[in-house]
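Both complexes shown next keep subunit A, but they swap its partner, so subunit B is in the first and subunit C is in the second.
Now for the complex of A and B:
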């Protein structure tokens, strides 16, 4: 009997190890596999070596979305600038500060933190380590700090283009949006822009949109809810569904793909590459170009012209891929026109709401 | 005191279930009214309710099979998650959905065996045993899941001929993918087995008074093992529902607490399959309604409040209408042979 207890205890410990085990950057590079030499403490603290560390939001580095896109930019820095790179996956929101500290204490030159939720921890770390450059993806900077740059995106404009596309594609005049949570301002911006864009091209369109009812811990990781909600929207007559909310949104895209003749629109990155299951419906994605944004900022940090405050990244629609032939030239021209007008701030996206 | 059990059966039934009964009639009337007003939306909401109730009722059936035999199973969440992952893996490898479902169900049964071994043979605290399963499931799936695995489709709805053409009922109940049908069949099957067969009587005896059952020659350990394993298989079906029928893909910790809600559903349903089914449908319905309210966009209540509805309802029903819910007497107590 005692032996059995031992086996059980061992199994429990082993499972805990599995939970704690983090694949190292050198073992599992995402996207283009690059051979990265193991960064050591001495090498990073020496001024000759340029080290870039990335701290993810709660979630994995290969999340097919945010963390992965930002990591792509860091990997590009490794390829083109010869930076030594590494990442830490955050398992619990309480560890944001501790994870940033790990890189800071190792003498990293640039630390990228991914996600709105890390804003506070990043700001505190920037005060504590004035010699390190911080890049906060999706972190709006109220007051500028010299060594901290917030990479932010005009999600409302990106969503506006998705909405315009949806408004022109719909035949039933009902379009839907399945969203993460309104606790995260960029998600709200996507929604407002989407609705404004659809209404701009098609005043008769009816837009049905839903936020996940849960908190931050589940809102982006609930594909089943996303799928069910997309189905309910389709049953309500929607024929274009915009899925904006991490894996929750991905669930919605995959659900739409199982119905014939409907369109879905992805978010953040070109989801053609990240959610292949959605190919039957995925006409485009409302993109925030995180990868080039992160790369540019890292490059500027290396070149010594690091911008403080907010750095506004690019937006746009992903290529139409297989749907290219189905999208008329008229629609493409209209979208190009809208994009130009958005860049010139000629259109009202309805965000931020005017009070 | 007036003993209900001596009253006429229908009276007894009504007294015991009056809350559910009255609630059911109110919901039924509301559904008819809204169907007359807007049939498409009503059908959309009800179909969504049935779909969202499926993993909950499967989890609850797993929980109540275990607890009827006096084994508390709080590892439902882990059983569902690991089964979902294994089903997904088999779908990726073989592309055969039937095989994938079998593999997931097998995985659930295996975890049931593990739980039974820990709680019946080793007699360790059953809460700890369930927690071990939850931790193992999160660890294993998180470690072995690799992004880029894609499946070749998911289970599609099978309309049941002319039945599917009946208004409301047809579209909601008879036009579903296979696991949803299986869940509905299982509700009645488990009800029949528990309350109308010798096996069910023995199971309940083992859960209420194992010593008495043992004296009568019932193998307490065997009964507990079999029920927990069967429960695990059903939880496994709930898991593969997520990856093979609802979503078609796997994500880490995708069960998102459904295994724990299933336990609430089981208690809400007073440890009976039919009651649990009603409770699961109610959870699904409130969830579908809150989505629909957001679709309408007219109600200006923060959606977090609407999101609380299912849980608020549980408290109200349990405290007020439903009366006391009583678990099996020996629930959670390991049995020592003399």
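Now for the complex of A and C:
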């Protein structure tokens, strides 16, 4: 045993010595702007070649959601602006910065990073590469950087339109929302807007809104909870259900689809394409138009009028698809008017809460 | 095959013998890697990519310049520790699947000590956080050891269960009492550790990697050159004989698990202090489990763990470059890694292809059977 302690002490001492070797690294590391390599023909560092790169969060480029919508905007830039495009799917969350670096070192002109989690790495890269334009999808910018634009969305307005639609469609005067966690501000915005929109068109409506009680790790990936919660709302008389919370919300949509004569409303993208199981009830979706948002920002970067700080993307309802004939012209007109009023900031969505 | 296995090698002396031994113990892992790369190339070819271009990108992304090399060493460091943790337990006939959980506790405790303590000089602070992480891992490793000794619960079951406990406790802590309360933060993570608690890189060389090398040598020395190491190996070969020979088997098993957990805990602490800079759930995924691949690929030899970890670390470091330049899906590195493990585990295939005699090779004792005490 004595020998063992000796060994342990030796090993730990040796590690401490190594730690002691640190030079003046205790000072905050200074990041010098990195030089872009000399331009060569057809390479992204040539000023004639316009290159757009995209880094996903830990997830797939064909996730039928966030990453895919953002990539759609980049692909549109390839078609319409002749951009050379490429993407990297992040495998290890520690590699956000390294993946952004790969594009930056290769002389890409615009780098799109998708998701809140990449915000920190994107901000650091923006400081390090002042000549490259960065687009951070869903990354709110507390302080503006000249070469970084956060693409954010007025989820409250999108939710407001969904609520207005639900408030006009309901016959039982009870509607519901099955939501991801209130830890994520966009989800809260969807909910507050939904409730305000429903109350605006239908002051008597009763709204059953339920947040997932779990943490971030499960709140968006719990379709069983979503289905159970939707079922409870239906048992309490709800005939329109808004599912907003990734797979959790999708679970709610699919549950509603198994009941006759009820409506459900999806979120983020047009879920007609992403959750076909919900077709029997899916009347529309409260959308954040990520694809045009990304494309517009890329185009502005190319045209030299890139906005810094936060760039508010578009919102709206998805097409009614098979339900189009069931929606009266009166409702459609009302929705169009509400949309215009929202654009003009004439309506109070209840978000952010007054303080 | 059978006749080859039973036949004895003629030369058994001098440097020739040593050379042979090295060849016999390295040939299977080396060819397992080569075979895996070969099959990986075929998969790449079928999926429409150029394998040569893909592998060139992989090498460029992992060894192409100092930055890439530094990243490879960073990725290798926690793998060396988790590989050592698993290999060390193997020597006592214990299969520590709980390296992941022990590593997580090491990582989060190092983070707490890193952001929670102020005013210490850099050397002391970094060492304290490292020690704290090591201690947390050791403590969490002691649990399955004690359970096995006193209740006979098999460590495979208990360590798997303890992994879930570790994941959920660390998730809770990072989203609850130790959460980063910076305004605007909605992600579950601890605050950044202070600069005094960081383990830096010197001229591109991560110091954590050097610490890993030291621990590999120390672990080898402990196992080969000390009484306690002899006892651990004896218990691994035959617990009953060890008991008969006067070795305290119970004490040895607990001690082995404590040291195994300690190694994993240091790996987690270095990851926090040297790479991530805080604890964030999801940032250490799989590091402990990769330790099993690495321990097997390294033939459970503490020195062999280093090249094994380097191979896996290099693939992790280069996979983004491979996506970027060759358009290869990120999953291909997982496929290659799984193939390596497959060929190491099913070494019959490699032996048959190479006509290597099994009898010559140093026997590796993995986990002892069910119910054995």
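In the analysis below, the second predicted complex is superposed on the first by the 308 of 355 C-alpha atoms of A that agree within 3 Å, B and C clash if a C-alpha of one lies under 4 Å from a C-alpha of the other, contacts with A are read in each partner's own complex, and residues count from 1 in each chain.
Heads up, the rule we're going with is that contacts are C-beta pairs under 8 Å (C-beta built on N, C-alpha and C of every residue); 3 or more make two chains touch, one makes a residue touch a chain.
Note that the structure is a prediction, hence the values are computed from the model and not measured.
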Which of subunit B and subunit C A:58 touches, first, second, both or neither: second
Which superposed partner A:117 touches (first subunit B, second subunit C, both, neither): second
Partner chain in contact with A:347 - subunit B first, subunit C second, else both or neither: neither
Touching partner for A:335 - first (subunit B), second (subunit C), both, neither: neither
Which of subunit B and subunit C A:89 touches, first, second, both or neither: second
Partner chain in contact with A:228 - subunit B first, subunit C second, else both or neither: first
Shared contact residues on subunit A - subunit B and subunit C: 1, 4, 11-12, 15-16, 18-19, 21
List of subunit B residues in touch with subunit A within their complex: 40-41, 43-45, 47-48, 51-52, 55, 118, 122, 124, 132, 135-136, 138-140, 142-143, 146-148, 150-151, 153-154, 156, 242, 246-249, 251-254, 256-258, 287-288, 290-292, 294-297, 303-304, 306-307
Subunit B-facing residues of subunit A, complex: 1, 4-5, 8, 11-12, 15-19, 21, 30, 60, 62-64, 176, 182, 208-211, 213-214, 218, 221-229, 231-233, 235-237, 247, 250-251, 254-255, 258, 275-277
Touching residues on subunit A, where the partner in the complex is subunit C: 1, 3-4, 7, 10-12, 14-16, 18-23, 25-28, 58, 86-95, 98-99, 102-103, 106, 116-117, 140, 142, 183-185, 215-217
Contact set on subunit C toward subunit A in their complex: 71, 122-123, 126-127, 130-131, 134, 171-172, 175, 184, 186-188, 195-196, 198-202, 207, 210-211, 214-215, 218, 221-222, 226-228, 255, 266, 275-276, 280-283, 285, 316, 319-321, 323-324, 327, 329-330, 333
